[in-house]
Structure formats: structure tokens, C-alpha cells
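First subunit A sits with subunit B, and in the next complex the same chain sits with subunit C.
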Partner chain A sequence: MPEGRKGRTMVLVDIRETPSAKAADIFLQIRPGKDFELATTLRALVKGQHVDAGRVAETGVAVERLQEIVDRMKRARFGVIFFGMGVSMTRGKHMNSAAILSLTAEMNAFTKFVCMPMRGHGNVTGADVVLRWTTGYPFGIDLSRGYPRFNPGEFSTVDLLVRGDNDAALVLGADPGATMPQPGIDHLARIPTIVLDPKVTHTSRLARVHITTAVTGVSARGTAYRMDEIPLPLRPALVSPYPTDEEVIRRIRQAVAAKPAWTPAPATLKGSPYTSDTGRRL
Partner chain B sequence: MITLTLREPPPVPLEADVLSPDTIAPLTIDEIRALPVQLGKRQRRLDDFFAVEGEPSDEVEIHGDVRRVKWIGRGMTRGVLRIRGGAGMHLGSAMAGGTIEVWGDAGDWLGAEMSGGLIHVHGNAGGQIGAAYRGAPSGMTDGVVVVDGSAGLEVGMRMKRGTIVVGGMVRDFAGLQMKGGTIVLRDGAELRTGAWMNRGTIISLKPIALLPTFAFAAAYNPTFLRLYARRLAPLGCALPYDDQQGRYQRYTGDSAVPGRGEILVWQPRG
Partner chain C sequence: MNAGRTTKQGQQINIGKDSAEYQATVSTVTMHPDDMKAVGIHAGGSVRISTEHAAVVFTCVEGKVPIGMIFVPYGPPTCRLMGRDTDGTGMPTSKGWEVDVEAVA
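So, the complex of A and B:
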């Protein structure tokens, strides 16, 4: 890398001066909950469009300052936007992320730009990647019709739990009992919840069943996906007395497969105009 | 008229897109009772959940708390659907004609991608009214949705034509990525109204917070509002358009797209 760090410019955007600010060349302190407004303003400035200076100032950063940042972004030969949960989990949620994604896409009219979400704890990237290549969607998927349907807000975990739409839960590699809104936690306690985890979590305390499993990467083999979606094989260093997550799920699947079929007997649907023998649509 | 009465609220959401006049009208009572509905991954009969009575007709009335019943009136083209006691998600989604009236609350995706007809909700509604489904390029293309109460997020997201009227407060992102049509906000909205809109009209009768990417254009009384006021008056929605009463502040945007949509904010005289 020519010039190393010296040849690079780091801009930090945050609502408070975190320790990262010392490492940054430019620090933009914005008002809380103004991420969408800021990213949308940047999108307009990138295209040379008019913005209202007074309303831009409400984000905590003056329009002249943002114009400088936009000029700098356009001058860059390769830009990367990293964004974290301060963007994706505050008011506006997915639309804040969408604003960053759109800004990045539009920057490519001028120079090479990419963006990357900074993921939370656990192998979130791995879950997204695997769901994507198995179903075509990263999360918020319903399979009850036998094919994947994607609708965040309708099928995403937090919404299902808060509305109380599900009557059972299997929790794997997550601790919703620590992070969900209270109505969601109450619903997890109300329904039969099964937790697979190496340790006792907040969710295990309100679950009907907790199954202790081996720690992947320590005492169980597996694959973790790095933040940039590179799969990394994990080899165990220790031997665990507990089964792996995979083994537990496989045994649950075998037990479920041994149960009688759930499909209703054809007799119960007889006379339905929707059955194929009447020739109408199914 | 066919009357369906919910026996008891289903334990998990019930998907009942058969509950539309188009499906029900040509059938006998026994055939209606045997219509398939989806409970979780199990297919069940309609009369497992609803008591079905009356004479086959394209007037359908649903009684009971059906807030967990999804897809009612999906793709309907004619007839009348009356719901007394709230409705679940996707009510009147993709409908092309007919009337749906709800005495109670409606869920998210009310009238999503509809292309005609009238939906009137006397209570509150959820988000994504008349919206485009995830990944779809455009939402409702015609028809009218009237909500007397409040509404949720992303009302009219990517809508192309048609009219949405909300009597109460609307949450964030009303008119998100709007491509055309009209949204009337009688009690204003929370934040980010008209975000990323391309075209279309958002009329707010209360002052609202605007994005920095909207620019003030003029203060006037657009002529077309007289026509709109006349059309919406029978639905219980009065729109002011008289110079004696006040004027509309017109803002254009969203310059981030860049779009040529308009937000008209009513300002009473004095």
C-alpha cells in the first residue's frame, strides 16, 4: 500500500466523540436520530442538487461541511462506508441502511465505492449468507407454504414475537431474551421456547427447554463467515461432553420425521371447489 | 348476503384469501364452508373457524375479531365486503374493484398494490397502506383508501396512482419513494414525509417536519384541489381550498432522487 495510513482519509460520523474520533482525520458529530436526513442530504449533494441549509443544520452539521465531504468522496479512488447498529437499529431502521446503500451505489457514478455493515455479536453474517443461498433472502422468511416468502415486518422475529403470532420458538445462537422489547420477551416466556446454547442465557431462563451444546470453534467444528462474507473453517481445540448444535438439530429432525404426517386426510377437504378434481384453480 | 362469524380467534395467523366476494358469490353454502384456509402450514376448512350463514351473493359480512386473519379480500374485483371487528394484514391487497368497509382496526399492507375499488377503515390502520411489496417496483395503481384513525410506517410506499386519505396521525416515511397519486394527511405526520419521492402529491392539513431535500416553491390554492375536495367529500373528508380560509405552502422534492413530487401544507389565514 503506497503511503499506508497517511494516504488515506478516515471520516467518522457519530452522535458523540468516541475513542475512534482520535484515529479519524475528520469527525462529524451529528444529532441523534438524524442519520437518514444526513445520508439523504449527501445523496442530493452528490448529484449537485439543492438542499435547504436551515434544515440541514438541524442534523448538527452545516451544509458547507457536507459539501466538503462529498467533494472529498468524489476525489477518492476507492471509498468504503462502514456502518453499524447506530444506523440500522435507530429510528428509521432499514431505511437508514437503505440510505447508506443508495448513497454508495450512486457514488459509483464518480468513483469506486463500497459499503459494509459492521455486524453485532455472533455469526450474523453467516446466518445471512446461508439463508441467502438456500432461500434467496437474508432474513424475515416464512416457509410455512413450502416455499420461501420474504417480508420483514411480517415474518421478522421481533415483529412475530411482539404480535404474539407464533406458538413455539427454537432459539439457536442468539439471546432474544436480552435484546427484544418486553412484549416479545413476555411472549417467549408464554410459549414453549427451546434454547440451544453453550451457556445459560437470558432466554434459557424463560425457556421450557435448554439444551447445552458444544462451543463452535472451541470444542466443535463448523464454519464462521467473516464480516466480508469469507467463510472460515473452524477446527476444535478441545473435546466437549456436549453435542454440537448440528447434531441436536439433526436428532430433532429425525424425531419429527418419524411422527405421522400432518397433511389432512383428503376426505376433510372433499367438496372443496379448490381441489384439482373440479378443474378450478388451486 | 353471506355472513361469516368467527368462532374464536385462531391461535396463529390464518391466511384466508378465499374471503372475497369473487370466490364466495358463485358457490353454494356447503362449498363455501369447504373452502381451504391456511393455519400455519396446515390447510383447513373455512368452517373450522367461521360459522357460515345466508344466501350466496357478492355481499359478504364478517363478524368477530379477525385481526389475525390475513389476506381478506385479496384480488377482489366486485361486490361488498363488510368487516365488523378489525382485520389482519394484507386486507384488500391487489384488489381491482368493489368495496371493503371495516368497523375496527386494519393491519399492515392494507390495499397493497391495489388497482381499483374503495377501502374504508373506520378505526386505525397499520403501515404500508397501498404500498409495493418488497422488491416490487410500484404499489397501488388506482382506487381509494380512507382511514378515519391513524396509520403506521411507509404509507403509500412506491404508490403510482390512486388516493389515500388518513384522518389521524401518520408515522414516519409517508409517501416513501412515491411515483404518483395522492396522499391526504388530515392530522399531519411524524417524520420524513415524502422521503425519496419521485412524483405525486402529499397534502397535509397540519404543519409537518420536512426533509432538507425539499424546497419551498410557492403559496397558493391549486385548482385541482377543488375537484379532489368534491370527490372526497362523500367519503367524509373535507379539504379546504378557499382563499378566504388560507393557502397551501408547496414544497418540491425529494432532491436526493432527484424527484419532482410535491408536498402541500395547509396554512390557515392569519
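So, the complex of A and C:
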């Protein structure tokens, strides 16, 4: 794109005017809770289907304005839809995200379009990427059967903690004690929680053990992923008296590996309904 | 009520969540001036915000939010108010809650 930013158009959709509105070319202020309706209207307009102007106006944006946006999207050579937690943490949740994914897929009948979730600060994208290449899934993974299973709502952090399913927690580079629903925080305080963090946080205060670690990128090497999944190598500029997260986890793994397996040895199962009389597992 | 992150908050967490500035940021809600008038809150006054889970007192300031909406940066006070059900998505409902607002004398 020879003109750089000038050759691109940024459309911002939000329920309130944030500082990003100043950086945008077009700002669409929609009514709260109308994300699904907006995405579905755009999908209909992309396909040239009839929409009811009165009902579209309930989103807070007139249909003519949305038609202009759709025309602009079709004229683009390469469009990207970035979506954030305003979509996933508001009423509709997965349905809102699904509508955006469908809109993106359908736009590819006209031009190149992709979409990308706006992941959080720090290295959230890095966690997604590494879990994906190691297990096939980005988050909400259960490995207790020896193979990965993915089920948000069942294995995701908030759900596990709020239901109180887990009886121990290891928290790495996160502060759920300052962000989760209160029953989840209360559960972390009830169970043995171990925190690895360079700083004292809300979570480290409620934890049984807090191991202070070196700051990655400042006094520990590592890799951070940009939101568009470009890996950035980090070189430490300072020396820290504290171990790195990696070193602490490696030492915990070594200590765990040195312990006897938690499953009972076959001999002790003799006479149980799951073993034969010779101790062989059935 | 609409909870979100702000750039200012992102800068403050690098100083520390114990700093007075961070504590003030996550304990301050923004409302439309007309809404504040309707509930009888003066700028910089205290409001009690209640959900089915808890009630928390915040400082209230006027700001550029639509009528009927309260904006608040995420933090320990919003954790207490937040819904706990994720509707099978892993994400709690932390935006677009219906809340009760009353002025605190």
C-alpha cells in the first residue's frame, strides 16, 4: 500500500466513544447489546437481501450508513475485522463471534477478508499459539485423560474456579485475583494456589506460595507473540537475582518426576474388581 | 453497566495495583450528566451500585457515555459485581449488566 495509513480505512464500532474513535476514519456508535443484530444486518446487506430499516435503526445506526460500510468493504482489496471482548463478554457471546466469523467468510465471495480476535495485553496470544501447536486447541484444555480435550464452559478457568472443581492451582503470569468473578477468587484462596509472578499481585496475596520470578524481556529471555501471531524474541537487558519462570517450572517438573507415580502399583490392586487375581489390569 | 479496560489502567498496572492511582481508577464509574442528575448524584460523589451478587460503592464522575450506561474500568470492585455464569463460553458476562444505582449521602 504506497500511501500507508492514508490508503487504508479504519471503521470503529463501539457502544461508547473511546480514544480509538479519534484514530478511526468512521465511527459507528451502536446501542449496547446490539452486536449480533449489527453483524447479521451486515451479512444480509453483503448478500443484497432486504432488511427492515426500522428494525435496523434499533442498532443505533441507519441502514443507509451500513450499506455504505458494506460497499466500502466490498471495494477493499484486503479487509480485516478485529473484534474484542465487547463482543465475547456481552449478551450473545459465542453467537456474536459466530456472526462475525460468518460475515468474514461470506465477504470472501467478493474480496479477501480475515478476522482476528483482539487478545489481551502481555502475551495472551503467545499462550494461544503454543497451546495450539502442542495440543491443537488454544485454551480451555483438559489433559487428565492423557490426551487433550477442549471444551470452553467446562475446562475454562472461570468455570472450573466458580464451580470449585479443582483442588490446586498453578498461576503463571496472570492475576485472576483481580479479574475473575468473586466466587472464583474465593476458591483460589481456599485451595493451595501457587503463583509465579515478578510482582506482588492480588492473586499472590491469596496464594499459599508465591515464587518471585525475573521479568521476561527485562531480565529473562523469552518469546512474546504479537497479536497477529508474529513471534518476537526478547533479550534481557538487566540481570535479575530471581529465577526465570522457565527455570522454576523445570525444577518443579524434575521434583514431580522424581516422586513415585500417583496411580497405585498393580500389585496393590489385587482382588479389586478391576484386576485379575494375578494383579493384571483388566 | 459496561466494564472495560482503559489505556490509563494498562499503564498503572506496571506501577502496581496497590498504587492509589490504580485503586482510584477501578473505583470510579463514569455516567452521563443527565443520568447523574436523575439519580441525584453530584460529580465526584459516591454511588452504590448493586447487582444480584453484591453492592459496591464507587466514586462517580461525568463523562462521554450514552444515557443509561455506566462505564467502569475492570478491577477488584467489579469482580464482586460480575456475573459468574459463562453460558458455556468460558467468558463471564462482564459487559452490559443491569444494575441498580443509588446516591450515597
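For this structure, a couple of remarks:
Heads up, the rule we're going with is that the second predicted complex is superposed on the first by the 262 of 282 C-alpha atoms of A that agree within 3 Å, B and C clash if a C-alpha of one lies under 4 Å from a C-alpha of the other, contacts with A are read in each partner's own complex, and residues count from 1 in each chain.
By our rule, contacts are C-beta pairs under 8 Å (C-beta built on N, C-alpha and C of every residue); 3 or more make two chains touch, one makes a residue touch a chain.
Not measured: the values here are computed from a predicted model.
Touch criterion met: A:Ser144 reaches subunit B, while subunit C stays clear of it. In the overlay built on the shared chain, the residue A:Leu206 is in contact with neither subunit B nor subunit C. Contact with subunit C, but none with subunit B, is seen for A:Pro183 once the two complexes are overlaid on the shared chain.
Shared-chain residue A:Asp52: touches subunit B; no touch with subunit C. Using the contact criterion defined above for the overlaid structures, shared-chain residue A:Thr90 touches subunit C, although it does not reach subunit B.
In the superposed model, A:Arg43 makes contact with subunit B only, not with subunit C. Residue contacts after overlaying the shared chain place A:Pro152 against subunit B and subunit C alike. Contacts of A:His121 after superposition on the shared chain: subunit C is touched, whereas subunit B is not. Of the two partner chains, subunit B is the only one that A:Asp167 touches; subunit C does not reach it. Taken together, the two complexes place residues 91, 152-154 of subunit A in contact with subunit B and also with subunit C. Touching subunit A in their complex are the following residues of subunit C: 2, 4-5, 7, 10, 16-18, 53-54, 64-66, 68-69, 71, 74-76, 79-80, 82-84, 86-96. By the touch criterion stated above, subunit A contacts subunit C in their complex at residues 15-17, 19, 29, 31-33, 85-86, 88-91, 93-94, 121, 139-140, 152-154, 156-159, 162, 175, 177-185, 199-202. Residue ranges of subunit B in contact with subunit A, taken from their complex: 11-13, 18, 27, 30-31, 34-36, 38, 40-45, 68, 89, 108-109, 127-128, 133-135, 172-173, 176, 191-192, 195-196, 210-216, 254-258.
Against subunit B, the residues of subunit A that register as touching in their complex are 36-37, 40-41, 43-44, 47, 49-52, 55-56, 58-59, 63, 91-92, 95, 144-146, 150-154, 165-167, 262-264, 268-274.
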